[in-house]
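Below, chain A partners chain B and then partners chain C, in two separate complexes.
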Partner chain A sequence: MMAADTDNTRRGSSRFEDIDWNEVEQRSGSRPLLTTIKLGSFALFGLLALYDAIRNGPFAEWLLEYISGGPQAEYTVLGIEVATGAPTFDFGSFVWDVTGVDWLFVATLMVMFWYAVVPLARNPRMTRYYWRQFRKNRAAVISMVYLVVIFLVGTIVPLFISVPTSNFQAQLLPPVFTTVSTAAGGDCLVQVTDSVCRGTMAHPLGTTRDGRDILKLVIFGMRVSMQIGLIATLMNIVIATAIGASAAYMGGWVDELLMRYVDIQLTFPQFFLFLLLSYLFEPSLFLLIMIFGLFGWGGISRIVRSEALQRTEEEYFKAAQSAGASPLYVVRRHVVPNVSNSIITAATLAIPGLILAEAAFAFLGLSDPTIPSWGTTISAGRNYLGTAWWVATIPGLFLFFTILAFNFIGDALRDALDPRQE
Partner chain B sequence: MSARTLLEVKGLKKHYPITQGVLKKEVGRVRAVDGVDFSVSPGETLGIVGESGCGKSTVATSLLRLEEPTAGDVLFEGEDITTYDKAELKRFRRRAQMIFQDPTASFDPRMSIGESVGEPLLIHGISDRNRRREIVKDLLERVGLSADDIDRYPHEFSGGQKQRVALARALVVNPELIVADEPVSALDVSIQADILSLMNDIQAEFDLAMLFISHNLGVIREVCDRVAVMYLGEIVEIAPTEELFSNPQHPYTRALLGSIPQPDPRQRGESITLSGDVPSPSNPPAGCRFHTRCPDVIPPEGYEFEQRHWRSVQDLRQRMRKGPLDLETVRTAHSDAAGDGHVQTAEDGQSVLDDEGLKAGIREEFDIPQRLSDDEAEDVLDRALTAEVSDDHESGRDLLDEEFQTPCEQTAPELRETSAGWEAACLLHDEQRQRVEQPADD
Partner chain C sequence: MRWYVIRRVAWAAVVAFVILTITFLFLEITPDQQVAQLQFQAAQSGGDPEAALDAYEQRRGLNQPLWDRYTEYVTNYVQGNWGWSDTRSEPVLDAIVASLPYSIMYSAPSIVISTVVGMGIGLYSALNQYTKTDYAATFVAFFGISIPNFWFGIMLLLIFGETLGWFPIIFQTSIADTQTFSLANLRQLFLPIVVLSTGAIAGNMRYARAEALEYVRAEFVKTARAKGATGWRMLSRHILRPTLVPLSTLLVGDLLGLLLASSLLVEVVFGIPGVGRLSYDAIINQDTDLVLGTVFIPVFISVVGNLLQDIAYTVLDPRISYGDR
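Entry: the complex of A and B
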């Protein structure tokens, strides 16, 4: 009897006409578990970043100078001991001083995880469909493998190795398995004959003029390239989507105002902005990322706007509205997912441009010289092309293949996600 | 059907401004819906029928406030929804749902069917995903699909299946009113019948009120209890379905009914063909909006016309209002029909029509007999045509305007009860009633 009763109520609750709407209206909505975890992870990240900013950031430096008159003094803010110069994480063997760029990078990776990896995993059918489309382009698949390796090595390995420093006992060593004439003027670890020197596994890709290990430089270069490419692109995507979607959805003078601002921004070269700002402040990777991230979204926002304009004419927007959806809901659930294909494609094709721009700035010596980026290393090797070809060539090859891989992937994604664009 | 009214629309208007320049100065307005009144009872289906562009769909979107109506009241269970704030409007949206014409465009291609059908539930606060899925599965089965379809995407369904899903989406929040905007127009005829009978079943089961918009009279006849006929933003007749089909009171309704193909050749009466184009709603005709095309347009006092010829004269008059006639075309098209007496041989050897022949050609072009039965009218027409062919377009036009003005363009008819027992907006009825009521006046 009891069992039959519960069965009835359970069955009853799955019929739409049995929903008690008065009860639903009074109850405040609860969030699904996954959303709670997602919001929790962002909150935790925010707290950590805030903690670091207070304890060990530019803010702390300013605070110490302002309050106690000297950078060395100790001070506590909100119970946090302010100590500039101390690494953020120090577990004895594992030391990681998280910089501003690192915080941004972690935030980027979190966003990528929650808004790309999780949705793909939750829609396995859709994921499989896109993978089948993507797989048709073999060059893109190889490129993806290459980029995943670059990404993993570039993000993980630098946490465990330190930035290579000058070593005047190991100048201009050749890569392993290659030989070079000692007449070139470099040091030599294994001398084959009087005049021929051979590379060793101690420095598999050789060393630079000041004896820094090129393999390590390349690995740090991977991190720099991934940071500039991913962070700035994500910033671009977020701003471009917000601006483009609101321009399309609100229309009228909002649209006019936003798009005319985009016109102005697109005419202003970011190169000069960087020159100007690096003259006022110190040139840093953070500054470069900010400039590209905050001022590079004009083109993508135009794409988003035009695509969103097309899509908002479709009847499913009216259907959502007639169901009672708020404008924010419609933009989030219908506009953004439906323009995401174009955004992803545009973004993938924008990443190589950013990496190349950073390399160009570094090559010209306009960026922070202490950041071991590929551009800096290529620049350091350009005077020794005749005698030590590996210094400039090896990071150059990595740069070349990375750009090529992103372009291949961009093309394949365009074909897979957006078959209308040819 | 009960006597209680669920939805009452009073004087609903929706105008779209036509703007010009940077400052968006209003230079005119498109009167898509220009004052319509009707009501729907619980469990009743009201059909709205009319040609494309007559404002049927705008009635639907503006009465649901998907577009803000320009004027008028919409009472839902006695409450005026045009004064609702956001929260009240959202609650109203749950109780009144809409079904759209194109089943393909009305589903987000990036959402599975289950998500689309469950979306109204989510919007209205049922955040438990599993509960939503249970409800949607149950509902999918009840509209004739399988519960396993819940994870499939719109492109995997046929048009008819998608319209079933659309019905499920409209039903899921248990509304009291469903507005269906051409729900079967995009479907094959064989599938239309399935969907219509499903809609009928569901309506009977849940005592739903339905506003059914269609241009297809056959479909209307199948599902509607009452029908409102719209022309250029106004309702011209509103009647119980069967009565309307057997005894239409408005000339426009008669013309619409005449347009239904009759399979039995013996049943084919003299079907009425409407002349002219539908006028633009940005500049609707004065008086009765249908007078520019009405086959029963009323002749002016003092002239005795045969109705068919009077219509033709009106066509000529409306054409002349737009500008001078293209006499060259008339000349070439009617050179042999005008009779030998009027053909002259020009100096270069070509035969041309003289003025008399040209007038005859114009009459033929507009289906006007060479001699009207009323002598006075014939005299006026002849003078006007003479002016037209002698390059004096203005005086010809003004003469026709002055003499051949129909009462239909001077007085706008109101929706009034006719002798048949329901409402129609036509001066023929008003006039008849006036004649009955005040015989001494004439």
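Entry: the complex of A and C
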């Protein structure tokens, strides 16, 4: 957002033509320490992911096949004991088997932390300014609070609770404070009269027909939605920025080629592209994220290109170029930070579409059925709508409000960051 | 301009060709799920899985060289020979044509409704910007673009079908076949039309409002106003006409895509045996030819829609010069 600190230019002591841009960067402020921590955290993440990939996951299976000629044998690679199926972290009471999606999610959160939270914290003046702009839109502030709650609950709570399983002692319980006729055929924990059953605090949002707690299903659904929304959007942003900025910077046939490709990708209706790909490959959450992330960036790249084209006409861009900065440096330090407003707005408005698409695919049964997503629960509740209204209704409400909140925030960001819009 | 149109048509053909090619490549690199199924069946019934595989490849022509298969695949699609649906035992195109009327039955009314209502509200709020009505309209638009249409359909079924009993829950094909233009058919199509229209109205409304706002303060509107044009005349003669140019193109491109995607979910929710439902059933039953056919229909609608949209621009908007393109 505000990554480009332009106070480099104030150092006029060195002669103009032999500025070592990297040296300038090193000298300014407290950046080296932070950069070291940042790079260190990414390196640590990479090592952990590699460790897990060797010890566990599909890579381990391939390795076992390759080395020992069969998946049955125990083996050690680089001193790591290869054991497929074992959880990644096991501290007695805290067991977390990190899946491929989890790794991607952690990487996304790290990128968000280093490239959004840290710059904001280092520029309190700009942060206050953005906040004052943002605060004017009350719907967006409420949406922000709602999404922060969904995000925190959805990322933290699933680490401590297990995926809800069938419980045939608590089938079709209504949500707390509501009652349902026992004629519906569910189990009943609190009987009010002979024919009326009341919901309990044990299952505040009720249960499904196979007795799974809807509150827990909803919480796991939050995680799935946040994973889809954030990971796929980050992938989209990275690809769209790279493609859009290089098309604008290089121009000529590169521009033509890249944008023609974007034309073709956008001509294929996104929903049906996703549908076809998830049909052709074995459906899983990881694959869905990959499909959304690798094929959903067309619209954003067009925005980035048109914005970047305007930036390349500006004085600072020409100044940096004539001072001998390399193309990569100019794109990274001058083009991308100055189009980031449009990128952020477009990305915020793209998130709800991806969450909705995931929910729709889960609803259609084209996602991994073992992962409790909002769409799966809605789909289950649809089959017994007449007897248990809450099963399809409650996850749908969360889905609806999440999409609404992202749309409100995207709209507010567009108003705050894009001065040309009214 | 003729040169531009010719180039644009050629480009549409290239796009269609590239999409066909990419799909062929995807089909090649992904494992065929039917093969595994056939081999499993053969092994279970005591046959030889390898023989079953050979027979399958023979039947589908998979033992030919890659290039021959590719040219045959492209020629078939160009010639309208879209393959054979195993689950329905008929050509893919026949299956699509048979289910098309059911899709048109509810999507045609909702296209008309969403265009008229959406544009009407959008223009109205542009003219009355920052009034209570405008805020209400904006809120409705947010509601419409945010509500998941499949869930909205289920909720409407729950409230108006299950609880109040105003509308039937199960779509009856016999009514749609014999009494297409009857009240009974309208009754069972009412909720799907509402669901499909809601999102499209919201989209139309937002675009119409944004587009019209650009012209409300334009010089020529001010001039018209100064010369005494008010109300309806100003709206229809001076604001609506320039607004319609980008909106007409929006109709073909975005709205059609939105409707096609929504229609699949709507048809699954309401049990309407249209093209969307056909596509869904094909996916569930692993009927690859039918899946491709039902996916290519929206793709080619989109290719042609984009083509018409660009050509419409050259006709409708004389301000754009195409000399140098």
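Going forward, the second predicted complex is superposed on the first by the 372 of 422 C-alpha atoms of A that agree within 3 Å, B and C clash if a C-alpha of one lies under 4 Å from a C-alpha of the other, contacts with A are read in each partner's own complex, and residues count from 1 in each chain.
FYI, contacts are C-beta pairs under 8 Å (C-beta built on N, C-alpha and C of every residue); 3 or more make two chains touch, one makes a residue touch a chain.
On a predicted model such as this, the values are computed, not experimentally measured, just so you know.
Touched residues of chain A, counted separately for chain B and chain C, are more numerous for C. Of the two partner chains placed by superposition, only chain B is touched by A:334; chain C is not.
When the shared chain is aligned, chain C comes close enough to touch A:352, but chain B does not.
Once chain A of one complex is fitted onto chain A of the other, the partner contacts of A:383 are absent, as it touches neither chain B nor chain C.
After overlaying the two complexes on the shared chain, residue contacts for A:178 are found with neither chain B nor chain C. By the touch criterion defined above, A:41 lies against neither chain B nor chain C after alignment on the C-alpha atoms of chain A. Contacts from chain A toward chain B in the complex involve residues 13-17, 19, 21, 24-25, 27, 29-32, 125, 314-316, 318-325, 329, 333-334, 337-338.
On chain B, the positions that touch chain A within their shared complex are 61, 64, 66, 89-91, 93-94, 97-98, 100-102, 105-111, 116, 119-121, 123-129, 131, 134-135, 137-139, 151, 169, 171-174, 206.
In the complex of the two chains, the chain A residues touching chain C come out as 263-264, 267-272, 275-277, 279-281, 352, 356, 359-360, 363-366, 378, 381-382, 385-386, 389, 392-393, 396, 399-400, 403-404, 407-408, 411, 422. Within the complex formed with chain A, the residues of chain C that make contact are 15, 18-19, 23, 26-27, 30, 142-143, 145-148, 150-151, 154-155, 157-158, 162, 213, 257, 260-261, 264-265, 268-269, 279-280, 283-284, 291-292, 295, 298-299, 302-303, 306.
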